[in-house]
């Protein structure tokens, strides 16, 4: 019984982690930028949501807050990311890391260091109990939203016209530019979309992990691991890798509870060692 | 025994077979040219021959020794060396240093921990000698990134000489060169062909037919024809392949 | 002799030889020793990044493991009886072994994947050291290490220890510089600039990456061991990847990718500004993060890159 | 090019040390080096500690032995490596002989190592690990916060007597967490209780669903938790989310007011051992009121472990210096501190400094969460224990710092 509930919990966790890594994977895939400022958009999402959800209501805030984060994403792109296109990806990593560190301290200045609290929505606040098995409705709600997010981005890149151009951009951005698509505008839109997704992911995580300035840095490494394992620019890869991390973290408690937090790193080491480009990765502008 | 004995060589990238069951013997000495429309698999053939990529099937014997599975740095020991279609140099080094990297490896100096690389007189002399042979001695101290495209192609060729090879695989050495430079390189190739076996990938048909002893025609990854320039010239399949009519 | 005078390394040696004598600044004697150890560490790190193009973002692991090795060797082996050399040798051996082991497994990896595998390695080491109470003392770390005498000189005296670090720094800097200028150094440069062409000239690039990684691990282990003797303790904090990020930032800030002296200038400014800023303002991390971004945006090749470009334009 | 490097080196060296040069004034002040987190996630905990110190200093009129006192603060960045560096700079440059502070045990250990080497006095305010006053105790370190032995055994004693005999342990996986569980188990085995199971969770865990599902699956009637920091805030929320309280009693071996205060009232459930409760007596209530006025933006509106220990540390140092008659001779101050009875500790009974382990012994307060409470009224006191009753006995902790 326990293993079943742990497995289900692993799926839920996996979906949340996949959603968290989604924005990062999209930006990395298209513009080839390792965007560590992703953690900032994630944290802003949670803070904006916390600031407005009491006045505006839960669901409207779930759209307004990420929209505000998307605007910040635009400025982040104009200020920092714009200088990093085409450069060595590790250079981009370091610049955005420094930027994220500075912005985290800025958040601490603006919103104060204290932890804030976001309570679950009214319609998903209870607990489902059947027999000995219990599961909180809120986690199923965020798993559902995460699944919708991943599916939406997947449909966007696979099916829609703009999406296919974006996907092509992942593999050969010069060619896409040469074919007349305004690569310049596309990259801005991708980063804005990525920030929107990251902000939404921040809102999903807020009630479980509570809102504080340092919450962004705790999801930075997992997102990067998931994207590397899944394969750069591959949305299904991010989903699969996210689920694997979620299940490892959840089932790991049975195997070696003490070393649960370093299991994702070991997992990533094994996968990248045997599948150099990740499970579903293809040649990408990163190489 | 022939220089290269290639049997059943195949290389697939996903569904597309870049090189499809190629079997050919390449003899010693002289110049052999490989021609074929773009995408015929010429560069892939070179990559397979030099161990840069591993074939899906088939075998490559060089002087009856199996080199199919070897990596480039192992194949060099057999005396095979190549230049690149897209110029591949050490961009942050000077012209001379680019060549020194090759000569110091060849002379076994490459692992000296405390000998300054720019003070090894004999290595420098050998490098300057190679630059002399291709007429680039005067550019020795210039940064490789700042010299004109033509000279960069010639430098790429001269770096292949640093491993004093027996067999030289030159991938479109003439591409993008001026008339004068093409002449200069043709003479260099001619003098090289006395002492080395030269395998050339080239699109300039008059040059190919004037200097090569044998010609290998590749088309869609398969050998269309192989033989003297004369027989190749009047071979219908070759003409149709070039003139675009699909062979019935 | 004239050529010697123009050699910047000589000037650096001179400044740090007189460092304790400098009126006000000289009081920071421990910080001086730490700066020297940090120089050895960043110079050896730059053998990987600047010379061979290996983005080792988890390099702090070898520094941390070296300091743990020194602490454990001291506590287990030499005990109270003294023994100054054993911890240093222990640090070097463990640093080389760890770097060699990791280097062997990832010698064929490149770019982002190489960087992330090294980060994974250092995080796993951090996780283990943080919990393994019996051996590494867990979160409370190891303490009780005492600097005794070395070659008859009493190392408890901070100035003696400073000059020991200075001597080790001089030797290490000369060795690393000569390696970077040697034939072996040119081979490493060829691996960084164009590993395909380098293979075609007969270089087994993966083997070179493995050898230089193990070599730089040795120096990192040495500086870690000396750091353990300076602080007379060993903690898991050094192994965290944010510490490794510091060494990468310092090297890039100084311009390690274009000049041998980049890491020295970079770490000097890095450590000093970090300490200076933190005493000025509670939210100093904001200035620190933003200035790093601005400097790297304006001078992608770091400070030494600016000097080199101006020197080149004059030539 | 060569000269530019040389000038750049000298320039940055000079630039660095300017601020420190300007601090020496005419009359020689007593400088106390405070090492606690300023930036980063634990910045607010550090600020709380320092606020307690400043408040105590203000009550003493900013003077000890007639000499003005100056608190020189350095940012530990909750990192042993950085803390060691900053403290060494304190000693070498500012000649500081009195050190204080530290929010977690690894920083406390690092500072203790430097203090022992340089023979300066260090009063650790908030590190709870047992090692600080047992295996790694040193003559030059005192500790204000009670050890995990007192806290763990107090919580264990209350739980075994009132809550149940079948326990499940949830332990934060680092040395502090292990010691909390060890002492609670000590009480459990001595009173014939049974250990149903234990799960250790790593630092930085934010999601406890896996661990809590395991807890729910067990048939324990008491869940004994040793957890701290931001992980603990997330854990408290998820305890309520998974309705653990309905199935078993939740007991904490150490809980901070600061961790619970931001939570929802219905999440304030369970039994906690804590070092001080602001509503113990009128003196503390008044002090909390005054604290809230002076530091409205502090992480806690009342006296919590952090600021209380900072307050007591300053009062102890002041009384010791007065008793020793000198603020410069560290050995004399240590001797004065050993066996000292600290009266100004806002409590009815003075805090006793055990000369053998250099541990400040006062009280351990058992409180119960109050889901209906509002504002600062988040728990109510249910039992007060005397710390000496539970601290490590000489057999358990053979260390004796009075012997040279």
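Letters A, B, C and D mark the chains in the order given here, with residues in each chain numbered from 1 onward.
Here, a residue touches a chain if its C-beta (ideal position, glycine included) is under 8 Å from a C-beta of that chain, and two chains touch if they have at least 3 such contacts.
On a predicted model such as this, the values are computed, not experimentally measured, just so you know.
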| item | value |
| --- | --- |
| Neighbouring chains shared between chain C and chain D, ordered by label | A |
| Chains contacting each of chain A and chain B, listed by label | C |
| Innermost chain by mean C-alpha position | C |
| Dominant chain pairing [most C-beta pairs in contact] | C-D |
| Centroid-based (C-alpha) most distant chain relative to chain B | D |
| Whole-Å gap between the CA centroids of chain B and chain D | 72 |
| Centre distance in Å when chain A and chain C are each reduced to the mean of their C-alpha atoms | 33 |
| Centre-to-centre distance between chain D and chain A (centres being mean Cα positions), rounded to whole Å | 36 |
| Cα-centroid distance, chain B relative to chain C, in whole angstrom | 43 |
| Residues of chain B engaged with two or more neighbouring chains | none |
| Residue numbers of chain A (touch at least two other chains) | 105, 108, 258-259, 261-262 |
| Set of chain C residues in contact with two or more other chains | 127, 131, 283-285 |
| Pairwise touch network: line, ring, star, complete, or other | other |
| All touching chain pairs, where touch follows the definition stated at the start | A-C, A-D, B-C, C-D |
| Chain C-touching residues of chain A, taken from the complex the two chains share | 34, 80, 83, 87, 89-91, 93-95, 97-106, 108-109, 221, 224-225, 228, 258-259, 261-262, 265-266, 268-269, 272-273, 276, 286-287 |
| Partner chain C, residues of chain D touching it in the complex | 1-2, 4-6, 8-10, 12-17, 19-21, 38-40, 43, 74-75, 77, 79-82, 84-86, 88-89, 92-93, 104-106, 109-110, 112-114, 117, 129, 131, 136, 173-176, 178, 202-203 |
| Chain C partner contacts - residues on chain B that touch it in the complex | 50, 52, 71-73, 76-77, 81-82, 84, 88-93, 97, 100-102, 104-106, 109-118, 120, 123, 159-160, 162-163 |
| Complex interface listing, chain C residues touching chain B | 178-179, 181-187, 189-190, 193-194, 196-205 |
| Touching residues (chain side chain C, partner chain A) in the complex | 55, 57, 105-106, 109-113, 115-117, 119-121, 123-124, 127-128, 131, 241, 245, 248-249, 252, 283-290, 292-293, 296-297, 300 |
